[in-house]
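Below are structures written as structure tokens.
One chain, chain A, links the two complexes that follow: it is found with chain B in the first and with chain C in the second.
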Partner chain A sequence: MKLEQRKDLLGLRDMSRKEIELILDTAIPMKDVISRDIKKVPALRGKAMVTVFYENSTRTRTSFELAGKYLSADTVNLAVSTSSVQKGESLRDTIKTMEVMGFDLMVIRHAMSGTPHYVAKNTKMRVINAGDGTNEHPTQALLDMYTIKEKKGTLENLKVAIVGDILHSRVARSNIYGLKKFGCEVRVVGPTTLMPPEIEKLGVKSYFSLEEAINGVDVINVLRVQRERQQSGLFPSLDEYARLYMVNTKMLSKAKDDVLILHPGPVNRGVEISSELADSSQALINEQVSNGVAVRMALLFLMMGGARDEINN
Partner chain B sequence: MRLIIKGGRVIDPANNIDELLDILIADGKIAAVEAGISEVNTETIDARNKIVCPGFIDMHVHLREPGFEYKEDIVSGTKAAAAGGFTTICAMPNTDPPVDNFVTASYIVDRAKILGVVNVLPIGTITKKQAGSELSAIAELVDAGCVAVSDDGKPVVRADIMRNALEYAKMFSIPVLSHCEDIDLAKGGLMHEGYFSTIYGLKGIPTAAEELMAARDIILAELTGAHIHICHASTKGSMDLVRNAKARGINVTCEVTPHHLTLSDEIVGSYDTFTKVNPPLRSSEHISALRAALQDGTVDCIATDHAPHNFESKDCEYELASFGISGLETAIAVVMDKLVNTGVLKINEMVGLFTVGPAKVLGIDKGSLTLGKIADISIIDPEARKVVNPNDFYSKGKNTPYKNMELKAWPWMTIVNGQVVYREGKVI
Partner chain C sequence: MQLREKNAIMDEMAMKRALTRIAHEIIERNKGVENVALVGIRRRGGPLAQRLAARIEEIEGIKVPVGILDITLYRDDLTTLSSQPLVHRTEVNFDINGKDLVLVDDVLYTGRTVRAAMDALIDLGRPRCIQLAVLVDRGHRELPVKADYIGKNVPSSKQENIAVYVQELDGKDGVVIQEIVDS
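Moving on, here comes the complex of A and B:
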């Protein structure tokens, strides 16, 4: 089975539960590939992909590149800062250039919401959204869901709290869309100035008290706080933010005993999460990163590859 | 030169006419409006099953000339107007250079006289270079033919400057047109703030950004006794403010656009940059409020805010795309199809909103079929069906969110100063 009807992966909002399950299931054998001594399967030999990141990224870009390489795809990273983009080339021309070089798939990150959608409409290449502005970050949500499922055995009906800057978070949006498809109770918590309007219409509960929001939850997904939000007047100071919304070991007593702590990274220690908690066994920050490679392998394989059995053989 | 328009349904709200009549045009003027006009050797237009109206007026058009001729110019813009059924359009002054002086205003007037297909009335800026700090030479602008002042595209941020503009404009009996936008609240905004901005992850523009300034300008109109006109009003709150101010006798008028009356913020989810416009497409509750305000007389006129753009300005990331919709060539069909054909507006109300409505706002001697007036006439074919195809536009701006939409009831003929300038799909 493949993601046959789908040319692109732009977000989880428009993705079916079945498709998500397929990706997460396919990621299991992929994780096995990564744990082998020889981390290479020929599944995507002869396929070519390019990662185009218009915004800084350490883990996502590397993760995609490695995922492609483990599957034997030829992967190229377009270094945007040294490319023709700096000479004023339009996005349309950049895309066309990549397309005519023969790439099968483009992974794009962009600071502006909707840009992968624009790209997808204007190319024959398959497009994966690696994060667009404040819209979606579907592969992050998929790896979060994979990590939760791996630990909890299921995604069904879990209680998940997402903490922080919901307004600007593409991670929050993709997680909400994904988790809601599995019947999860999703709670969002953060300062009122960082809460998007009418968020509850997405089927989530919103809180401004961290303590109330994490009461009885199975998972806490802690979002990174960006310093420029403070500078644009959305909250008074990082200290005050930490005082209200820093997740630490002490307050976990409110959540379930086996609560999982996720964070998409990079972490601001002592701001949104205490160092102690970030380094604890409940925090799955590193597992998320390694699962990210497996999930992206699954996705690349399903979008460019052949039958699932090829992986096991 | 004589012309007879025979057998059409003549709707002239200014004169309370709505019946099957003939119109005789002689020497560019309305010579007779009555049944049974017939003359041998006079060209006669068979207008049976058509709706014959005073020439439509669009008081909010960006003609882009001078300075942005790659987006539109006086020739293409006035052709687009004729094709859209408009006989008179007002040219917004946010050109390069802006229309803040006699020379630039005269340039537009003269060019339009030589090359224009329809009447063009320029609007001058409120402040020099639209910079918001010093009043433009408004007497000069009026001398050159400007019928109003506006810093459209930019709000007048300072209340003291707006107050002075209102005081000063009173001497010339012209309205001050206000682009209402609190730039701090609207900063970085790309669409209406609400449910859909949340799910599309685009920065929202709150309704308060418009309403704060509309409220301020209405208060200043009350203070000064001057005429404030709210451009492209798009929110329920703006409608409430205008309704309330009118009830209190304040000299306020307002316009709404066809797109704010018919398209909601939901369609922005395509990230199609043709949906990007300022003020943004609002949610359905605001659309309903605008429609109610059309029905109860709060709205004085419909204006397109025709904002043509070149391909590159729209073929890019949503955030980088220019704001604006090319509206002249779809306005009448959109309003007919979405509002008249659906029963939201009566046909004679609709005609009023495009004729006597804007004429009154501007204080110009147009918008009626009164005997002796200049023969500016728009004829609609209420049965015509057409799919919107921007490649057929006369406008250089192909940026329309109505692309590929089928609409029923289109402009059929446009007559300016007694001359047929547009007929069944062709500008003559």
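Moving on, here comes the complex of A and C:
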């Protein structure tokens, strides 16, 4: 298995189990690098990458940038809000500009599903999807899987519940695609208005009762409530949402004793997760963030570390 | 690339004797091993370092710290390799600051691996000195690198490959010269 023969990382849907395993295994020595006094290795010296985020982000963008720097790549952030995009430059022209400047890799986030796929087809640069609309957020799912594997020792056949706004969640989709490749039983739970009717076609079981959904699970992945959805009338109030779907310490007795709580952040305390649980040792929110750097280092190394001239597209 | 075995240059006993001699030399050169630590370069340097440590313990009664170094992220040929090497963990679980470190590898050839290993070590701390022990020195250096302890000097041609087998990874001990034959 060679990841360097893959030009882009657009989603976990079309990724093989072997490729995912290679990324997760490579992230282990990367995590060692981050824990040292000198957090830098020369592996990507002379490579350049640019992060282009058309949507806001704290952790994903910073995490990619830091991962690149720890590997000695030159990293640049295109600040979309102060760039020529505001003068009306088209996406295609922006990409071309980045390409001719000599970047080897572009990390892109966009509100429209499929944008990274379009970009990938129109550039020689390697492209990593950092979240596209409601489609996929593959690196978030990879770091979730890494975190689970690190704690449980395996991903094989675990029971995982994903809670919240399944309809709009790219994190949920990427997690489903990834976890299913390891034989996990994936359950999704949330309000009917936020549950896509055809979701079970992805091989998951949907629930409307939180209690039922978390019964006997190894992992609960709590999604962020996207407050902007409330305006669109998909759920009546944050209070009601919290009453029905907030994960708290009390209800964890339904799940396995050693259940892990994941949350991709940023956290709305008292809405999708209780403040007490978010700060407990079962919640791995901070571990997820630090593992995210290691997983992205692995990915950048595997995609940019090999010989360049063999890739044609 | 196909390889054909040409001749054996060390058997199990010869390897054992060479390692025993190197262990003695390390002790002698460093006037004891109180401040010595061994670091094997993945993969075959790892088991060789373990064996040297065991010999040193037999002779001196002192357990020296042993670590394993993965140099993949420090290689100078990453961008030209056609297939990508796997990255493994570096396991140096002791403080290397101020130590007299002995790097251990199976074969010394161009010297590029040793260069990468020294960079990797210096990112972990500041040893008092770094020495180099190899089971086989086959010549053809491309960098100014010289071994302090050598099991056997083996003049070789660039058309040949020197294969070191260790029990721990290969199920047998021995060193053989292989010829590269075009398939």
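Keep in mind that, in the parts below, the second predicted complex is superposed on the first by the 303 of 313 C-alpha atoms of A that agree within 3 Å, B and C clash if a C-alpha of one lies under 4 Å from a C-alpha of the other, contacts with A are read in each partner's own complex, and residues count from 1 in each chain.
Note that a residue touches a chain if its C-beta (ideal position, glycine included) is under 8 Å from a C-beta of that chain, and two chains touch if they have at least 3 such contacts.
Note that this is a predicted model, so its numbers are computed, not measured.
Per the definitions stated earlier, placing chain B and chain C onto a shared chain A by superposition produces no clash, and the two fit side by side.
Contacts of A:P196 after superposition on the shared chain: chain B is touched, whereas chain C is not. By the touch criterion stated above, A:F301 is placed in contact with chain C alone, chain B being left untouched.
In the superposition on chain A, A:D74 contacts neither chain B nor chain C.
Applying the stated contact rule after C-alpha superposition, one finds that A:E287 touches neither chain B nor chain C.
After superposing the two complexes on chain A, the angle subtended at the C-alpha centre of chain A by the centres of chain B and chain C comes to 130 degrees, rounded to the nearest 10. Of the two partner chains, neither chain B nor chain C is touched by A:E21.
By the document's definition of touching, of the two partners only chain C reaches A:I38; chain B does not.
Minimum Cα-Cα distance between chain B and chain C in the superposed model: 30 Å. Chain A contributes residues 13, 90-92, 110, 112-115, 117-118, 132-136, 170, 173, 196-199, 201-202 to its touches with chain B in the complex. Chain contact summary for the complex, chain B toward chain A: residues 193-195, 197-204, 270-271, 312, 315-320.
For chain C in complex with chain A, the touching residues are 70, 72-74, 78-84, 86-90, 119-120, 123-125. For chain A in complex with chain C, the touching residues are 2-4, 22, 25-26, 28-30, 32-33, 36-38, 40-43, 46, 71, 298, 301-302, 305-308, 310.
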